[in-house]
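Residue numbering begins at 1 within each chain, and the chains themselves are lettered A, B, C and D in the order written.
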Amino acid sequence: MSTAEIIARCEELYEDTTFAASRAWKEAVPGRKVVGFMPVYIPEEIIHAAGMLPLGILGGGDNLEVIHGDAFYQSYICRIPRSTIELGLTGRLDFVDGMLFPSICDVIRNLSGMWKLMKPGVYAKYFDVPQNYRDDIGGEYYQNEMQELRHDMEKLSGNTITDEALNNSIAIYNEHRQLVRDVYAMRSAEPWKVPSSEVYLVMRAGQVLPVEEHIVMLKEYLAAVVKEDKPIRDKCRIITCGSFCEQPPLNMIKSIEMAGCYVVDDDYMLVNRWLMEEVPTDGDPIKSLADAFLHHSADSSAKYCDTQEKVGQYLLDSVIKNKAEGVIFAAPSFCDPALLERPLLSAKMSENNVPHISFKYAENSGQMQPIREQAGTFADSIKLWS
Amino acid sequence: MTTSIGIDVGTGCIKTVLFKVDGDNIEWIARRNDKIRQRDPMELARRAYEEVIEEAGLTEADIQYTATTGEGENIEFSTGHFYSMTTHARGAIYLNPESRSVLDMGALNGRAVKMDEHGKVLTYRMTSQCASGSGQFLENISRYLGIAQNEIGELSKQADDPENVSSICAVLAETDVINMVSRGISAPNILRGIHDSMAGRLVKLLRVIKADEGVTFLSGGLALDEGLMDSINASMVKMKIPTKAVNHPDSPYAGAIGAAIWGAYRYDKLAEQGSLAIAS
Amino acid sequence: MNTATKPEAIKDASMLKQKAMIARNYDALTSAPETGKKIVSTFVPGNLNELINSFGLLNNLPEINAINNGMRKQSGAMIMDAERSGHSEDVCTYVKADIGMMSKGNIAPNGKVMPPPNLLLLSYTGCFTFMKWFELLRKEYNCDTVMLQVPYTGDGVITDNMRNFVVKQLKEEVIPALEKTSGVKFDIDRLRENMARSAKAEDDLVWVLESAKNVRSPIDAYFGGVYYIGPIFTAFRGTQDAIEYYQLLRGEIEKRMQDGLGPVTPEGDMGEEKYRLVVEGPPNWTSFREFWKMFYDEGAVVVASTYTKVGGVYDEGFRHDPTNPLESLADYCLGCYTNRNMPSRVDLIEKYMNEYQADGLLINSIKSCNSFSAGQLMMMNEIEKRTGKPGAFIETDLVDPRYFSAANVKNRLESYFQMVDQKRRSTRTA
Amino acid sequence: MKCYIGIDLGSTTTKAVVMDEFGEVLGRGITNSRSNYDTASRVAKLEAFISTRLTLFHRALEGLSGLEGEKIDRLLLNLERHFRLELFLEQLEDLHQTCAGNAGDLRYPGQKAKICAVLDVAFARLCEKLQGLFAPGVVRKSDFFRDLAGSEYMNIAEQTAKEMGMNFDTLINIYDKSIIEVENRPPNDDMEGKFLRALTNVLAEETDLSVSSDDVMKAIKSVLDMDLEETYVVGTGYGRVRLPFPKEHIRSEILCHGLGAHLMYPKTRTVLDIGGQDTKGIQIDDKGIVVNFQMNDRCAAGCGRYLGYIADEMNLGLHELGPMAMKATKTVRINSTCTVFAGAELRDRLALGEKREDIMAGLHRAIILRAMSIISRSGGITDEFTFTGGVAKNEAAVKQLRELVQENYGDVQININPDSIYTGALGGAEFARRAVEEA
């Protein structure tokens, strides 16, 4: 398959606000169940091991007409919860048997309770994660939380989740995570061949497809990209940061590139690469997942940083590793975690002489002109003077 | 010697200039400033392009680089595009070598840019999506008050007790203003109030980019509004920004000038690298 | 405000007492460099005052400073200062007022410089902003920081795992940090004594708040309420002062009830009680008086509010328990209002609507605070559905004067009161 | 006779309704809101009384045997036409004089004579041109003097200025200043005189009356002699706090809209009102009592003024937007409804090659989408549903609304009254009536 064919398929999945692909998976075999989850991270392995499909829900994008969702949110709250409510109220998520709301911010947290009020019959859970990284404190708490989730997933699916099954799921997700890392590495190495909009779409497909299917897609994409022959353009290398929850419209991702930037790293859909290293598959799986979370997981503003020195280090590391020339802080309007942390991150960048700019967006932003102008000036300045 | 044209496509006007650049020797040959007034900007730009060439006594073949800026990304006959903050910074240095920051006040967005003495952009900030206190708003209000654009500045300077415009929204602020008229507030005080509120937003941008050297150059059409300039200066003092805001009779051309100069610069750089083909 | 020019009623003893307590506390804080006392900065919801106190440490609450600056109309400039230095317009204005206060020399309400804290105790209950707030402060002060993560009660219950997690953090993270800062060894008996005192004051507080169940309520449980909860929510829980304050207050309210009086307002006793409301959401501080006036001028009295539960929901029965001090502290943190899930918040409001015989629910939605605000419109719907009483929705901010539009709020309130009135009349004639 | 009056002082327009003691609507009047609220309500009231007279004329003429319905209608239509023309010419002359006065302004030193000469020519042309607006069967683009005079003034002034070597901007500036003054001067009161002069003209034109003109004249005169007493006035709307009324004469616009919609359609349970700066979703019960309402928040996105900005951007009249959008073949998706950026959004889309009609359809949909969320916030739509406010005059907005209501709430009876813009004033008048009659 060519990249164009793969991307066409991804685009179709991306634009479909009815989740036909996930519905089809569910209907293929009687008794199958689907568990939806919001950004940033949940241990998908537990859902997978119960034979269910984890479905990543990232809002409604810029294609969904939001009517009732808006009715539940004031203008100063970000967009993703409203479009998610809209999805819920318009029956688009009726096939979803359970919803998980990870600990990311107060908005998602409250959304978990709203879901309970809105859909009294459906399993909905706020899934807390530790902000304390000691094995005996945060680790133990987290293991218990995961055990509780495991128990809930067993009940929901009607299947027992054995340690073997869980270890097996971890192995599959390990492979998936490796492939995801490969795609990112490839883009960082040859960004002219791997446009960000493509990476984005391919990663988005992973939110609605079964992991096994997505593994195949990633392999095909990697193979197809190598054969691409696209010219190198006069663009600068930048990292975008702050979009870990509500996603920007595809047009914005394209606009940044059109304005003269190659995006060499980003924080879209972190769930695909939250755990940064292979998770062991031979021990107590819950403990392995907890260890990975505490000690080898990606950073984002949703996490507490326990020492001053470590603040923003993950971003700086990425700048160095990906040879980025600048950072674009692009956060959703009204996003507390991203916007509260931004002054800390930008200070860190300034201290290390990394040029940076920032702007805000909404998942349904229509106007790209200010975005192009800001990203373009940023690219101009890097191009003309470095 | 490089001959270049800069075209700044704005929301209200299209500014077109022709320059000859030879190292530090920069010569401004021809200019045009056309109000768009519901006409097709692309056609207007084409016409202006031909007219500056004619004015300079040249032919199209003599032009080595045509640079667009502003909303001119889609003009087919351009060689390259620079984004407006890049060009305003350079144009400001050309018009006033003391400039180390620029405040550009467009019809919808305000922008602040900080640069070095060569016009290299250091940091910048734009106003957000919400258009409160934009140039457009000022235009609407002045029409409502029956005041010509070029009178605004003068009147605003006569204010003795400026009225605070509280609304953050430009639309709701229109009602604010209507209420003021009905309370018998004088036009100068209303205009000065609007200027102050616009200045507040704009100067906040300067504060964010930490403008602290040289002078702050006002570019764009509104730069010639002396009342707004006064408000900006007052606001800068209040917010403890150590520079002073200045304008220039050619302030509206700053973007086009910068585009022409950067165009020439880029042409030379590409010629040096022997990669002129990429540019066209 | 200028009290000298108004022929104001003689201040009640409880008011004077509270004023003195607050003044003394600020003096203790600002004179810490001389007295050698150590300061812990921490947050109101789920604060560990009994514990901090047991080490002889002083407690500084940045939220309260922000409120003070808001009421004295200084927060606006501070917020703008912070925004200019790169903080987003979109985030909580408490944070920005705090950071702006720092850049203005950290002047406490008593006019003296607030010394930097020796320890940041990040007890984040019910709000994620707290976490980033202290990360920002840590960068400014570069001092020790300890975090107490209080899990959210997403399913409406406190599980053993949550409680154990909090207790374990108290034992292994928080107490050692407090020991280090104070140089004092942890003494569980001192903690117990403090907690016993807390429980005593809490009994009287609950009595005060519940006095509003009287039709012709002697108190306003929102505008007045924020004064009544002051001591319990801030640096005084667990002190003898707090016990005395609530005894005085209770006495005064008992007297008002005997005299058949309504609430006290800044303009004296309130007139006829026309509307009884339950209010959800924090008040606006920058125009607090003006806001309150919009209510008492119309004869609206707030009989119950959720804001007065952010520092502990005592009317549901919880008391600090000296017999199980750490577990009880954990339960306290876990049970604060904003740490409760949406369905529990709705249940609580529904209960208030019924038990306090309210005419309606008013939501003051605060731009700053997603913890409170995200979902309030659904809460309103739910309450309307369950009680058949109308809800109203207004939007303001805590300490950002730019977000208080008096005309707008007044318009909505008026429309709302007229609507309740009209409805009432039609049911009477029908 | 007793008259009860409701005045709705909106952000864009001011409306008045006159009602008799039985709750019958006698007249409606509208004018554009302006800086002087007193004047706005005076003019609206005056207009409503004009329309009241016309209603009463109708009643009086019905009493004449031999004059049947169709003829009465024609007669009154012509009467109104002539009357309006009188009124219009009077205002136009006022505008001319005001402009001439303003030409003496210090900003145009020594130019007064020249400017006045140009103005004389321009106004003569204007007068000739605009008379045609009141010819039989002509549909006028707007009810307001400002719009009628302004639309042609620009063209004529530009042409005249060019011919006579005058700066066009000067003429525009003088006009901008003068129109405000003229607008803030209510037309002089001699309504009877105008009606009688108009009637004389009409009767002169009429050839086919089955009754004697004297009888008609007598009937009309009897109405003109009738004293219309302002028994009780209730004010509402955006500007109500600035109305020179005591507090008990002021009602919130929410209550007035609810009641007004109830009077027009007693089965109404949900009301949507889209005005210039606010959008309201109101739920009412079977007596017209408001049980719930929601308004847009502090942002004016997606309100009527949004269309105003679009119309300005496109150089069109407000009433032309709807028809243009109706020609769309598809609906472009528009997400931002910030009023001020409306123009930018439009340009953006045009630059992307979208068709004007399709963008217009998208813009209308965007407004209605926002309104739909406000309704949803107020509790959704229950049968029957009534759409009121100025935007209800816009057919494209109505079309989008019908579609979205169908999609979200299924089959619902949707009421849209040609007089829906008066809903608030109607409710106000009823409150006034009740205050006296049911006291």
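Here is the rule we go by: a contact is a pair of C-beta atoms (placed from the backbone, for glycine too) under 8 Å apart; a residue touches a chain by one contact, two chains touch by 3 or more.
Since the model is a prediction, treat every value here as computed from it, not as a measurement.
When chain pairs are compared by contacting C-beta pairs, A-C ranks highest.
Per-chain Cα centroids separate subunit B from subunit D by 39 Å. Centre-to-centre spacing of subunit B and subunit C amounts to 48 Å, using the average Cα coordinate of each chain. Between the CA-based centres of subunit A and subunit D the separation comes to 52 Å, rounded to the whole angstrom.
Among the residues of subunit B, those touching two or more other chains are numbered 71, 128-129, 168.
Contact of a single residue of subunit D with at least two other chains is seen at positions 297-299, 336, 341, 344, 377. Subunit A has residues 71-72, 74, 333, 360, 365, 367, 369 in contact with two or more other chains.
Taken as a graph of touching chains, this assembly is fully connected, with contact between every pair of chains.
The touching residues of subunit C, when paired with subunit D in their complex, are 377, 381, 384, 390-391, 393, 395, 403, 405, 407-408, 411-412, 414-415, 418-419, 422-423, 426.
Subunit B meets subunit D in the complex at residues 11, 38, 71, 74, 108, 129-132, 134, 136-137, 143-148, 151, 168-172, 174-175, 178-179, 181-182. Partner subunit A is touched in their complex by these residues of subunit B: 71, 73, 81-86, 109, 113, 120-124, 126, 128-129, 262, 265-266, 278. Those residues of subunit B that touch subunit C in the shared complex are 128, 166, 168, 204, 207-208, 239. Within the complex formed with subunit B, the subunit A residues making contact are 234, 259, 333, 357, 359-360, 365, 367, 369-370, 372-374, 376-377, 379-381, 384-385.
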